[in-house]
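My questions all concern the structure below.
A, B, C and D label the chains in the order they appear, each numbered from 1.
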Amino acid sequence: MSSELIGVWIGAFLTLGIFSFLYKDNPFYKFSEALFVGVSAGYWFVVTFWQYFLPKLIDNLVLAYTVLTSQGRVDYHWVYLLGGGLGVLMLLRLFPTVGWLSRWSLAFIVGTTAGLQFTRYLESNGIKQVQGTILPLIVGGSLNTTVGNIVIVVGTFCGLIYFFFSKEHKGAFGGAARVGVWFLMITFGALFGYTVMSRMSLLIGRMDYLFQIWLGLY
Amino acid sequence: MQKKSHRCSRVVLAVFLLLLLLLLSVGVPNAQQEETTAVPEDTSAQAPAPPTNVKAYDTPNDNGHSITVTWTLSADDGAGRKNVVSYEVLRSASPDGEFELRGMAPAGENIFEDKGAKEKSDANYFPPHKDFYYKVRARSDGRYSESTVSAPAFAYGQWYHKGKTPVVVAVLLFSTFCLVFITVARKGKKLYIRPLAGIEAVDEAIGRATEMGKPILYILGLGSADMIATIASFIILGRVAKKTAEYQTPILIPCNDPIVMAVAQETVRAAYLEAGRPDHYKEENIFYLTSMQFAYVAGVNGIMLREKPATNFYLGKFYAESLLLAETGSLAGSIQISGTDEIAQIPFFVAATDYTLIGEELYAASAYLGREPVLLGTLKGQDWGKAAVMIALLLGALAATFHFQFFLNLFTVKL
Amino acid sequence: MSFYERMMNLDRRWIYLVIGLVVVVTAIWSFTVPLYVTPEVRSIYDYVESLMPGDVLMIGVDYDPSALAELHPMTYAITRQCFARNIKLLLCCLHQNGPGMVEQVIAEVAKEYGKVNGVDYVYMGYKPYPGITILAMGQNFRIPFPEDYYGTPLDSLPMMRNITNFDNVRAIINISAGSGTEYWINYANGRYNAKLAIGVTGVMTSDYYPFLQSKQIFGLIGGMKGASEYEYLAAKGGYISKEKDQLVASKSMPIQTTTHVVIILFIVVGNVGYFMSKRKKQG
Amino acid sequence: MRKTLPIAIVAGVGFFMLIQYFIPLEEFETLYEWALDWTMVIGCFAMALGLYSLTNVMVNKVRRKSPGWGYSLVALGGLVFMVFVGLVPHYQESLKYGTLFMDIFTYIYIPIQAAMFSLLAFYIASAAYRAFRARTILATILLVSAIIIMLRLVPLGPLSPINQWLVNFVLTVPNMAAKRAFWLGVGLGASATALKIMLGIERGYMGRD
């Protein structure tokens, strides 16, 4: 039995374990689940170590140290000590008395996110979308495009009205909000229907794995 | 009431069919195009006319390591002998020194950005504040004709990116809206906000868990702390945890990211402190599971079936796992409240959970739950932002209809 | 509990079972579903049918093995149709990880039909920067590709004797999993007015419909479904056959169809149960 | 120090990140790159914290012999083994194809992941069955739209072209409009949240003691 064949058997065994969950929770599934969680957490830890920790921190500090010893000058790579310091603060969470120090590191991350995403969202979700919705309402020679453009502009307009929080959805305003929800519902339905095909492809792929690769039935 | 909604759905179906017929009468488009077959061009073996008027200048809106070169097309590019195939851009530190090739542009193009690295150690380092001379040559089947040398230019960095002005305007406008209404709200003016079903269900859902004596499961999604949706979820978690502290209902938070776990611990601890029950806070209930999408789902599904939480919250960033979680939760008989800004996952949450916060509602939820005037002020600011967008949409549609290109340019961000 | 109420509160495991059975049964007892062929796929097939033997068609194959399942069937079906009709092919690849894979396809199909490299087809290989490459090809194929994939100068290939640029190929079909398609549309069609059709992955499909409406492309094959439509046409035309296992995309389509039908039936049954049980309550 | 400094850091870093977006200068670019690198470094240390949290939960379960402790042992075993075979070999060697580390990933992790993912095929069917009832107008619209899109894979004879046209229409027109409105709303909501965070209006997530 080759190692690949053993691999296929293990894979098939675990696949069935996951599928058995469809009937009900059982030891077979619990085993697959526990193994899955453990292996994935270990995998992610190792990948983080080799691909982020080493190149982003250790390599930079080693470089700083080499420059210091070989050329006798302090170069900018030492700033990574600060980053490392913020990281070490995270580990202080393990000790209840000094754990609050980790808030500095958390604050650094949250602050970065807030500042970066503020402009990003206004640009890509705000201005770009307005730009994309600026469409001519009358397109000469194409009734199709004309109707399409008008529906898009009206739909976007009503959809935005739906998201108003500080005004009661009553009267004409409420009517427009309702039209907005209709547009949202059409889209949600369409997205649902559109996804069925790719989900079925996944199942077909697994069935192929079980029947073709594992059992060799066809 | 039921009868009415019954009739309504039939009306909708009828309208749907009518619309269908109407749209059909518009006609299905038929793609057909005239074919064009041309005789191959006669490219003579002579060198093309050289490009003229070569200009070099510092590339605007950059970090100072690039120069832009422009020229007037060769007389044989697209006209005349039609034999230009490309342009080559050459650079030198002195007008009569050795020129080196910096790059190519295809025929028809009259601009090239000579860009280099900013690190001195990089082989392609582009020194700023240093004069360079450029020339451009037209190429045709191994034959070249060179332009004259340009005037010198040097690269330098800019303090402001002019292409991003629309974003500056948006930032200022939006911040002003929010700040104005925060001030108004602080002064004690009462602001109306319309009810949201998902929010009203939160209290009920926590109450139900308390009655049943079962825990609440709160899922912060698959995002890390670098996503605003996750941060919005932290804020909501603070409000929810305060209530669970008051009711003394345990709250379980398996996390997909260790930083998210740390922030969630801080949030819940603060909420318990605020509710006056710091002794009931259990850090081990907020734990890390794994960062891999489906392994995380497998673990959470296990928790749902074995701990049987009365209520599940799914708020934050969700991807394909949304339906896996929501279906298992509904199988376990939990009340489920969901919300995300990923439009592709909303349909599954709508289908499989009891209440869904759609897009912006997720971000508004914290203000709804907090009910503090300052937060309601930002909601009002958001509404004004929407109003501004709607006005821009209408004006834009009119401008596009009557071909006022300048209005469109107002919204163009040049990166 | 009435029959309808029970139907409404059906244990979901029955649904799982039905879906599982339908997939397995359809896979084993395979049958063909009469597929509706969309006009945007048919127009490509019909166009290739309208070409005369000796005409040159260009195919830009811009994907790598990760999009193989959806796009490979398109490439196979079109190359087989062309070779069977003695249409000459000019190919290039603008996707970094694709060139080797394209070579395999073309070599395999050429062998089936006894076609000769350099006479019946030319594979120019890979170049980075799709935008610049396409612009340059519009001038002359020899600028970005002085030699073909195998290192032979284009000028010494008999098929290339009268071929300079896009003007000398009848049409271009771009089969792509990435943003290269935009360049083909904007440059090959936009600037050089080449007749262009595209084949793209399922998720990209809806993004490219507007180009069909504006007639910048004359055909569009979208994802697995589009591929199976093309295979259906090619099989009907006798260019590929089920016996030789050449209908790859079509193989999973009956399963897709039956599962979709079953889900729609489920929805209908659920609604019938819902309305009937409500009527009972009211009555 | 405990309460105000974190809020000050959020405001300061946030403001810097906001303005650097508009300043192309090299110095700002470098600071920005450092900040991103540091968040990654913090993430690496946090990973150790996460692993501690996970093992803590598992070990406690095993020690207390709480129900299902055997499975915790399995998970612990998988974790420890993965970390061991991943870190012991030479520098980054373990991430290459063909190592024991990658074999476990390929033959254990990948099949379970694919199986988990494919459960969605069953769930999507059951969700459609239970949720798509024409209870209200909105539910009816949702249902009709989903069915129209699903019908594109079903042979309908002469009705197929009509359906295909409808599918194209739904995907290019109402779908586009709703997505735009959705994204615009999300953009404003997310920006408002970011603003609240930077201004320190929302600070409950940063602890209170």
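Please note the rule applied: contacts are C-beta pairs under 8 Å (C-beta built on N, C-alpha and C of every residue); 3 or more make two chains touch, one makes a residue touch a chain.
Just so it is clear, the structure is predicted and the values come from calculations on it, not from any experiment.
Seen from the Cα centre of chain D, the chain whose own Cα centre is farthest off is C.
For chain pairs A-C and A-D, the one joined by more C-beta pairs in contact is A-D. If you average the CA atoms of chain A and of chain C, the two centres end up 29 Å from each other. Chain A and chain D, compared by their mean Cα positions, are separated by 3 Å.
Chain centres here are Cα averages; for chain B and chain C they lie 30 Å apart. Centre-to-centre separation between chain A and chain B, using Cα means, comes to 12 Å. Chain B has residues 23, 28-29, 164, 167, 171, 174, 226, 228, 231, 259, 262-263, 266, 288-292, 294-295, 298, 306, 343, 347-348, 350-351, 358-361, 364, 379, 382, 386, 389 in contact with two or more other chains. Residues of chain A in contact with at least two other chains: 18, 21-22, 30, 32-33, 36-37, 39-41, 43-44, 90, 93, 103, 106, 109-110, 112-114, 116-119, 121-122, 126, 130, 133, 144, 153, 156-157, 160, 163, 184, 187-189, 191-192, 195-197, 200, 203. The multi-chain contact residues of chain C, meaning those touching 2 or more other chains, are 12, 16, 19-20, 23, 39, 213, 225, 256, 259-260, 263.
On the side of chain B, the complex with chain C involves touching residues 2-3, 6, 28-33, 35-41, 85-86, 104, 106-109, 331.
By the touch rule above, chain A contacts chain D in their complex via residues 3, 6-8, 10-12, 14-15, 17-19, 21-22, 30-54, 56-57, 60, 79-80, 82-84, 86-88, 90-91, 93-94, 100, 103-119, 121-122, 124-126, 129-130, 132-133, 148, 151-160, 162-163, 180-197, 199-200, 202-203, 205-206, 209. The part of chain C that touches chain A in the complex is made up of residues 13, 16, 19-20, 23-24, 27-28, 202, 213, 224-225, 252, 255-256, 259-260, 263. Contact residues on chain C toward chain D in their complex (touch as defined above): 10, 12, 15-16, 18-20, 23, 33-36, 38-39, 206, 209-210, 213, 225, 253, 256-257, 259-264, 266-267, 269-271, 274-275. Against chain B, in their complex, chain A makes its touches with residues 18, 21, 25, 30, 32-33, 36-37, 39-41, 43-44, 90, 93, 102-103, 106, 109-110, 112-114, 116-119, 121-123, 126-128, 130-131, 133-138, 143-144, 147, 149, 153, 156-157, 160-161, 163-169, 184, 187-189, 191-192, 195.
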